[in-house]
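The same chain A turns up in both complexes below, where it pairs with chain B and then with chain C.
Moving on, here comes the complex of A and B:
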């Protein structure tokens, strides 16, 4: 499948993300002739272990994330970041986890917004909001390059595109910038050929960054 | 979330109706994933005759089965209650495929006692090949593992029915599927299952019960854990099948 980079908005120190920035970013896409196509939404859920003895918490993963992706409606992904595990399963795995009652879903976040077509690129600009609130927690952007599935072969063109994008955004003098962190996919057992498992891992990494930003 | 079901028998002018009431204790999908199942045992020497009978009844080719089943249980500290999940690895595929299977509670109540088919909740999910490592990391432990070797027939007869005939084998060393030995030498397990939902399991129960009657000359089928043993006249029935070449009424 086509590869994608997931960028996230890194606010400048002392500032927070807000809907004005989201609006400006969307305008940037349209200013470079991105054609608005429709909405998209992915969901990320934090799972925590249910333990009889809380003092043994350290023995269990505290960073279990579940992700459903727009482009894979029948699949669900679990990521255990500290163990570098990404599991792809049918969406019924959520029902199994509910029945097991060993891990409970806590907070869920939506990544949602509009998608745009721009030549061979498909862009998705999205806000990050808790499922029962409109509090903006972050801004993300998916940059998908449709012709290529190889991470290595696409690297140059993706870097060139992101450079142009960063320059376009910087002209608006917004208090922050987009960042791209490339996970070490090999540590997760993933190859150069891009898959939705790669996307799930990128979302987990971005989530960690968003949490770190809020803490700082 | 607990599935609370009971069966009621209701007398009418034209006969007896079987009503199935499902109590939902919390938010649940309306069409709950369920399974109807009966099991039986057959001597290995009669499996060939059973295969001939099934071939005639089902009209589809058999599918070979080689399933490595790992039963995982939650560690002592995990979850308010203990939980169990099964991982099934299909070794017959060119690239082994994994399925996660959760078997839930069976229907309860006086009515459920009266029907000869077990109806239980079951949820399955395909998963990537690192699923065992995933559950170990979550805190699940291997309770036991089995290798099921045999064949299956899948066909439509009032319901989507699957008949599996397998020898159940245990591994002498951890995950050593090449060195498995039968748990009960000379005896194989027959399972008849069909998926069902809270809307249609009366029909599915009826379809399975009806189909099982065709197998009666060779084996008794009953709810799991309610063993009826082998059929005393199975040898004669098997001989008849083998001499007829199958496809004929016993």
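Moving on, here comes the complex of A and C:
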């Protein structure tokens, strides 16, 4: 399946992300002839273990993330970042989780925005908002290269593309820049051949970054 | 049917031209036949007149000689009578032709049948139907156009496939195409160094074996013609599971060490398609013609995730990068065929084996259209 790099917006120190930046970024994509195709939306949920005995808290992973991706409507992904575990499950697992009451969903976030086609690339620019508010928490961008599936083989092309992208964005003099963090997929047991599990891992990493930057 | 337009012309005839008045009431084909006949008559009469003139001259010549009898005088008198008759006949025929519009067809354009009478063209050619000549002229013109177009197409193709025959530096292609604000930076055609290696591979299995050693990551499968089409249709955009399954399916070897994707044993002389698969990078299809030979006749590149009946050696990928790659590959193929047909297949496969640099050396420009620079040998 086509491979994807997930970039997130890193605001400059002392600034916060706002919708103005989002619209500027969208304009950037259009300025390089990205053809707007439609909307996209993925959902990320924080789960917290429900324990009767609080002393056992330490034994359970604190951050259990669940992700539902637009391109895989029948699947649901779990990531335990501290344990480097990623799991692909059927989407009905959410129902099971609710019934089991072992983990409760604490916070849900939407990653949503517009999708653009650019030659062999597909770009998704999206805002990060909590489910029940319009508070903009962050901006992400998915850069997807359609023809091949090998992360290794595509690295050069993706880097070149991101360079061009960074150049385009920097011309707008926005207070911040896009960053790409390459997760160590091997630690999660993932191979060079790209899958949605790779995407899930990237989202988990980006989420951690967003939290960290909000705290600072 | 009454031939109305001819009537005004016919009315100018003299009473002894009733014959031609009658003929104007007939259908054009009959008129044409009559006219042709009369033209023949006229030609014969003219020949007779010429002959008569020759005889007269001869008679005069003899008469000029001294000591002649009255013979030349008789000759001349006889000949004169004959000539006069011929000329009268000729005049009559001429008048008939004139009336039927043969000689005046350029003037009498209001022919209700839309047909012109036999036309005596300025260059002396007799055309039964003037419109035939027009059609012939049109056909001639379109033939000229067609030839011009064909020549242009040929020159374009030649420039495209044999750039090294042009006067510019060999191997450089401009690569600039018109597109919706897409500029391709000039992709360098592979800078090939021509290795003077004596090729020992004369058969397909030998060639493939040698190539297999060079690119261990590349999987080579061979197919009979129809078997490839079946496989192409069976290819679907692969999920992880499909990918693993299909790679297991095709990984069985036949006794002559050719990995065949065809179902059942396939002898080397039936192989019409060679598939080169580098997982996660590309899938290339080369067709051989005739089957079983080592002469490649087409090549195309596709994404390994693509599937469908359009995946064949003359098909085009949906992705730009593989379309570019196919164009380069086709040029390379033509180039290799131009050098030496026997080694063309090996050279092409060897060139494809240098794919490692495929996605690493890329040159890209602002509007994000990547032209891939394929590394050479």
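Basically, the second predicted complex is superposed on the first by the 215 of 216 C-alpha atoms of A that agree within 3 Å, B and C clash if a C-alpha of one lies under 4 Å from a C-alpha of the other, contacts with A are read in each partner's own complex, and residues count from 1 in each chain.
Just so we're on the same page, a residue touches a chain if its C-beta (ideal position, glycine included) is under 8 Å from a C-beta of that chain, and two chains touch if they have at least 3 such contacts.
Here the structure is a predicted model, which means the values were calculated and not measured.
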Chain B versus chain C as contact partner of A:78, first or second or both or neither = first
Inquiry  = Applying the document's definition of touch, where does A:61 land relative to chain B and chain C: first, second, both, or neither?
reply    = first
Request  = Considering only touches as defined above, state whether A:184 meets chain B (first), chain C (second), both or neither.
outcome  = neither
Task = Check whether A:20 is in contact with chain B, with chain C, with both or with neither, and answer first, second, both or neither.
result = neither
Task = Check whether A:154 is in contact with chain B, with chain C, with both or with neither, and answer first, second, both or neither.
result = second
Inquiry  = Just checking: does A:53 make contact with chain B only, chain C only, both, or neither of them? Give me first, second, both or neither.
reply    = first
Query = Just chain B (first), just chain C (second), both, or neither: which does A:170 touch?
reply = neither
Query = What is the contact status of A:102 with respect to chain B (first) and chain C (second): first, second, both, or neither?
reply = first
Inquiry  = If I apply the document's touch criterion, which positions on chain A are contacted by chain B in one structure and by chain C in the other?
reply    = none
Ask   = In the complex formed with chain B, which residues of chain A make contact?
value = 49-53, 56, 59-61, 64, 76, 78, 80, 83, 85-93, 95-96, 98-103, 189, 197
Chain C-facing residues of chain A, complex = 1-2, 32-33, 118-121, 146-150, 153-157, 160-161, 164, 192-193, 195
Task = Using the touch definition up top, name the residues of chain C that touch chain A in the complex.
result = 180-182, 237-240, 243, 279-282, 303-305, 317, 319-322, 358-362, 364, 366-370
Message = Using the touch definition from the top, list the residues of chain B that touch chain A in their complex.
response = 1, 29, 33, 74, 76-81, 83, 85, 100, 102, 104, 121, 123-128, 130-131, 133-134, 137-140
